[in-house]
Amino acid sequence: MPQTPNIDTPLIAMEGVEKWYGTFHALKSINLMVRKGEKIVLCGPSGSGKSTLIRCINHLEPFEEGRIVVDGTALDDSSRTIDAVRREVGMVFQSFNLFPHMTVLENCALAPMRVRGTKKAEAESIARKYLERVRIQDQADKYPAQLSGGQQQRVAIARALCMEPKAMLFDEPTSALDPEMVKEVLDTMIGLARDGMTMICVTHEMGFARQVADRVIFMASGEIIEEGEPEVFFRNPAHARTRAFLGEILAHH
Amino acid sequence: MPQTPNIDTPLIAMEGVEKWYGTFHALKSINLMVRKGEKIVLCGPSGSGKSTLIRCINHLEPFEEGRIVVDGTALDDSSRTIDAVRREVGMVFQSFNLFPHMTVLENCALAPMRVRGTKKAEAESIARKYLERVRIQDQADKYPAQLSGGQQQRVAIARALCMEPKAMLFDEPTSALDPEMVKEVLDTMIGLARDGMTMICVTHEMGFARQVADRVIFMASGEIIEEGEPEVFFRNPAHARTRAFLGEILAHH
Amino acid sequence: MNIIGPNEILFLLQGLKWTILLSAIGFVGGGVFGLLVALARTSNWKSLRRTTAGYISVFQGTPLLMQLFVVYYGITLIGMEVDAWVAVTIALTLHASAYLGEIWRGAIQAVPKGQSEAANALGLHYVSRTKDIILPQALRLSLPATVGFLVQLIKGTSLAAIVGFIELARAGQIVSNQTYKPLLVFGIVGAVYFVICWPLSLYGARLENRLAAAAAR
Amino acid sequence: QAATVDEVKARGKIVVGIQGDNRPWGFVNSSGVQDGYDADIAKLFGKDLGVEVEFAPLAVANRIPALVSGKVDILFATMAMTEERAKSIQYSKPYAANTISLYGPKEKKIVAVADLAGLEIGVPRSSSQDKAVTDAVATTATVRRFDDDAAAIQAMLSGQVQAVGGNQFYMQRLDEAKADTYERKIDFLTTFNGVGTRLGEKDWNETVNKFLDKIMSDGEHAKVYEKWMGMKPPAFPESIPNIPFTVK
Amino acid sequence: MDYKLDFSVVFDEMPDLLLGALATLGLALAGMTLALIIGILGVAARKSRFCVLRGLVIGFVEIVRNTPFLVQIFFIFFALPMLGLRFNPTVTAIIALAVNGGAYAIEIIRGGVDNIQKGQIEAGLALGLHKAQVFRLIVLKPALRSIYPSLTSQFIMLTLTSSVCTSIAAYELTSVAQIIESDTFRSFEVYFTITIMYLIISWMMMSMFALINRHYFSYPVR
């Protein structure tokens, strides 16, 4: 049941965000509004600050200046706002980060039980629902080490979905995968996008960007250099740096 | 001063060699004669037994059946024959295996001193000679960790040469190297070949094979499937497996 | 004599002398035999490996206190004239050689297999292979654990009191009993041990960090 | 190996087993030198034999094993003479007396063994007072056995035990530690100390007895006794049942 | 030398020795359990954001690891009463073992915790778990698994160290043995026998640890 993006409410708003690592200026006055249901692809050269940007949104990294508001909650350094935001935002990492000592089902049921206080039986039925959603329900009782990379990443997606987040952040979800497995994960993400999930996705999979992104954002040296609808962005990049970057990326595909 | 291969004397002879790892049959009735001065390239898919074959020649792996005779000495399990063979056969590994706690010079001078009882001063002058031979004399006092991969592999070659062996075994000497460094090592090996060294070389560098090999030998599943002069071998492989393998190898180059 | 004066301090320092001497004996004896144990434990000879595995498991599986007792009383039974020195030397050597042997075995096995293969391919014999190639690398790898064990050994010598040595801990007990100031005396004794052991511990930790950093490269 | 008197004379050195931490009997003083009553008597013995004396300080429980195994030639080690021990070693004539008593805090009412019920009593392991206290209280009280006098006394000072079994010197040491706090409660027995030699070795036993006779008659013994015990030597018994003073 | 080995006197006392061995086992198990708890709590404190707490833990670990157990147990038994803290010998022994083992456990477990990939912690935080929950639910088990061999061999050493508790008259195998020795003068026989008994105890411990490992840490890793 695809939804149309809600144009009015920004679900995630970043305003003038500045972030330093010591003396290194990692994010420079970032402004970004993400509407409910919108899908954003973030790209840019290595070290440009893409990971840092999305990690600020759920406060895995603190930031020094500016405002980040998620679903009406303005992030300050208090654990109350951090908790509130993390409950609403799911995240999927490049290296999956499944918990090796828990089965797939336990990985998925953990957060609902411990964060929302859901009963075990209910948490497990939620977990099964989302495992089915990423078409991996038959692996529920295996341990992460027994799965392929693509399967592990789909479990990581299901695990984040179990918290029924309002938005999902993806940090290069396919770049640690063998080529054969990239497609299965991208398909899962495309399905999610179709269902109307708000998504910010760091990726260099330009096919994926073309297919699902509402906007592509290009970063370099901690700044947002350019953004636009994918077709415009790819056909007609405004900046020289974007052109150079796209030239490199597309040459390899 | 190139020499022509001596047609009569087999320097290395393998007759009906069989080798098992537990229940796994790794070498199946291997017959191989290598004349003095001959250069052999060994190729074949991963796991086909190439390393095992050359490691049997200097008894890094024991074998169960058959005979291996090196320069008139038949290998049995006695340390006398093993020592004799190892003195005459140098070996270069994929991962260099330089001794990290010794300088380049010490790496090279060690075996002459400990095995042949050469005096230190003389051993070092031998070492310098061969370090010059591989054009790395100016690195003599560095430690292996301070050298690039290509330099390390050339030191490994010099180290083996210091024992003034009658034959050299190479096990994928360039496959752990960054592309820029492959050439310097191959050039060193080509030089060695020109000087008349007997060589058995496991490698997938087909350019090298074309340039120096007297014979190319193709192995699969522990057997020698096919052998021939490089031009014939590459142009007209007799077996389907060889064709398939060459197709794959050459496609990548 | 209810005060802790220069005499008492001197007495404690004399105890310290024994502590250091006993540690040195244990470390040297244990080092020499431990090396043999480690080599036997990694030899190609299966029965030798088994035997030393048993040796290690026995000496790591029984208290040092008991080893001291058994050696002290046992040696005379086989008809040898010994004094406490010999007994303690033997016991500490046995004890330390088991632990050091095990530490060094691990280090020897941690040296990459390619190293001994390269040595073999060069025709190097067991002695040269071991002495020139394997041991220098293994000892470097094992240095943090070795230093850690030295600290254990220094502390372990406090048990030598039971066979008559008035080493630091025992001296402390005697002074405590003469002065009736146990809090102070055990504080001093503890501090003296700490002053010897702590720098070693720090050194071991630094070596470990350095090795870890080298491995991460 | 166990040496004979002649061998000891020939080698010019006698190894004497002694206590290293039992003031004033035998202890290592603050300068690290062996001192005490036993040490002085042993030195007289060495002078008598014309040999040098080497002291081997022994823990209480090690005394007999050290002698039997030949680690020491002779014991001047505060060895109370008991029937049980006389089966393992040969005693000389008694040369010192020792009264085993129970010591405890003044405010605690202890006049008879019955008052000890339920208490924890400290003793040095394997000592005469260990045996005396253990026999006396049987299972009515808990006997805590420490490594030595020092630890037992310390345990009472620390309040870990409510009484200790000790010899006549405990009082002085307790007073030194905490004046006017402790007192002697019950006397268990008086024991006599003998010089220990190996069973059946007549030469040692006769030599020692002759030496003791000599110093007791010429006043040397009384001098040493007064120096360390602060009292005149008592009368020693001519014999003790089941404990022979001489080798038969 | 007319000394004949005679183990019969020792075997006559076997029931007492077995009780002593049981006591040793009890002391060791109690000490280990507490040491494990101290270790885990200590690491949690070591990782906390209160620098005073971190400093206290570091100081505790360094002091305990660099002084002998004998001095530690004397201190607790003889000296602490002067400060009004008095424990009976058994309790003292357990405290001393727990303190000693705990200090080592803190160091060992910390090593395991440091080896946990940062991504694991971030994944937990991103799911909305609190820091304490992340430590307890996500970090702890893999950390313990990775250092399990060092931790268990430290605990075996702790078991053997319990023999030193005889010095404060605690009831355990060595003290039973010393009483028998003082009655029989069969020093070698007694100590030889209980050495064997200690060996059996440590082998039993090792099997127990292997069993725990199989049941608790048996999830597969790559």
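Chains: A, B, C, D and E, in written order; residue numbering restarts at 1 for each.
Note that in this section a residue touches a chain if its C-beta (ideal position, glycine included) is under 8 Å from a C-beta of that chain, and two chains touch if they have at least 3 such contacts.
Heads up on the chains, UniProt names are C = Amino acid ABC transporter permease; E = ABC transporter permease.
Everything quoted here is computed from the prediction, not taken from an experiment.
The minimum number of touch steps separating subunit A from subunit D is 2.
By the touching criterion, once subunit C is set aside and every other chain stays in place, the chains split into these groups: A, D, E | B. Averaging C-alpha coordinates per chain and comparing to subunit E, the farthest chain turns out to be B. Remark: rotation between subunit A and subunit B after Cα superposition is 175° (nearest 5). Centroid to centroid, with C-alpha atoms defining each point, subunit A and subunit B lie 51 Å apart. Once the centre of each chain is set as its mean CA position, subunit C and subunit E turn out to be 20 Å apart. Centroids of subunit A and subunit E (each the mean of its C-alpha atoms) stand 46 Å apart. Between subunit C and subunit D, the centres computed from C-alpha atoms are 36 Å apart.
Contacts with at least two other chains are made by residues 1, 3, 78-79, 82, 187 of subunit E.
For subunit A, the set of residues that touch two or more other chains is empty.
Among the residues of subunit D, those touching two or more other chains are numbered 1, 62, 65, 69-70, 147, 151, 154, 158.
Contacts between chains, counted with the stated touch criterion, involve the pairs A-E, B-C, C-D, C-E, D-E.
On the side of subunit D, the complex with subunit C involves touching residues 1, 20-21, 23, 28, 30-32, 56-59, 62, 65, 69-71, 147, 149-151, 153-154, 157-158, 176-178. Within the complex formed with subunit E, the residues of subunit A that make contact are 58, 60, 79, 83, 86-87, 89-91, 93, 95, 97-102, 110-111, 114-115, 143, 145-146, 156, 159-160, 163.
Listing the residues of subunit E that touch subunit C in their complex gives 1, 3, 5, 62-63, 65-72, 74-75, 78-79, 82-83, 153, 156, 160-161, 163-164, 174, 187-188, 191-192, 194-195, 198-199, 202-203. Across the interface of their complex, subunit D is touched by residues 1, 3, 77-79, 81-82, 86, 88-89, 166-169, 175, 178-179, 181-182, 185, 187 of subunit E. By the touch rule above, subunit D contacts subunit E in their complex via residues 1-2, 61-62, 64-65, 68-70, 88, 122, 125-126, 130, 144-147, 151, 154-155, 158-160.
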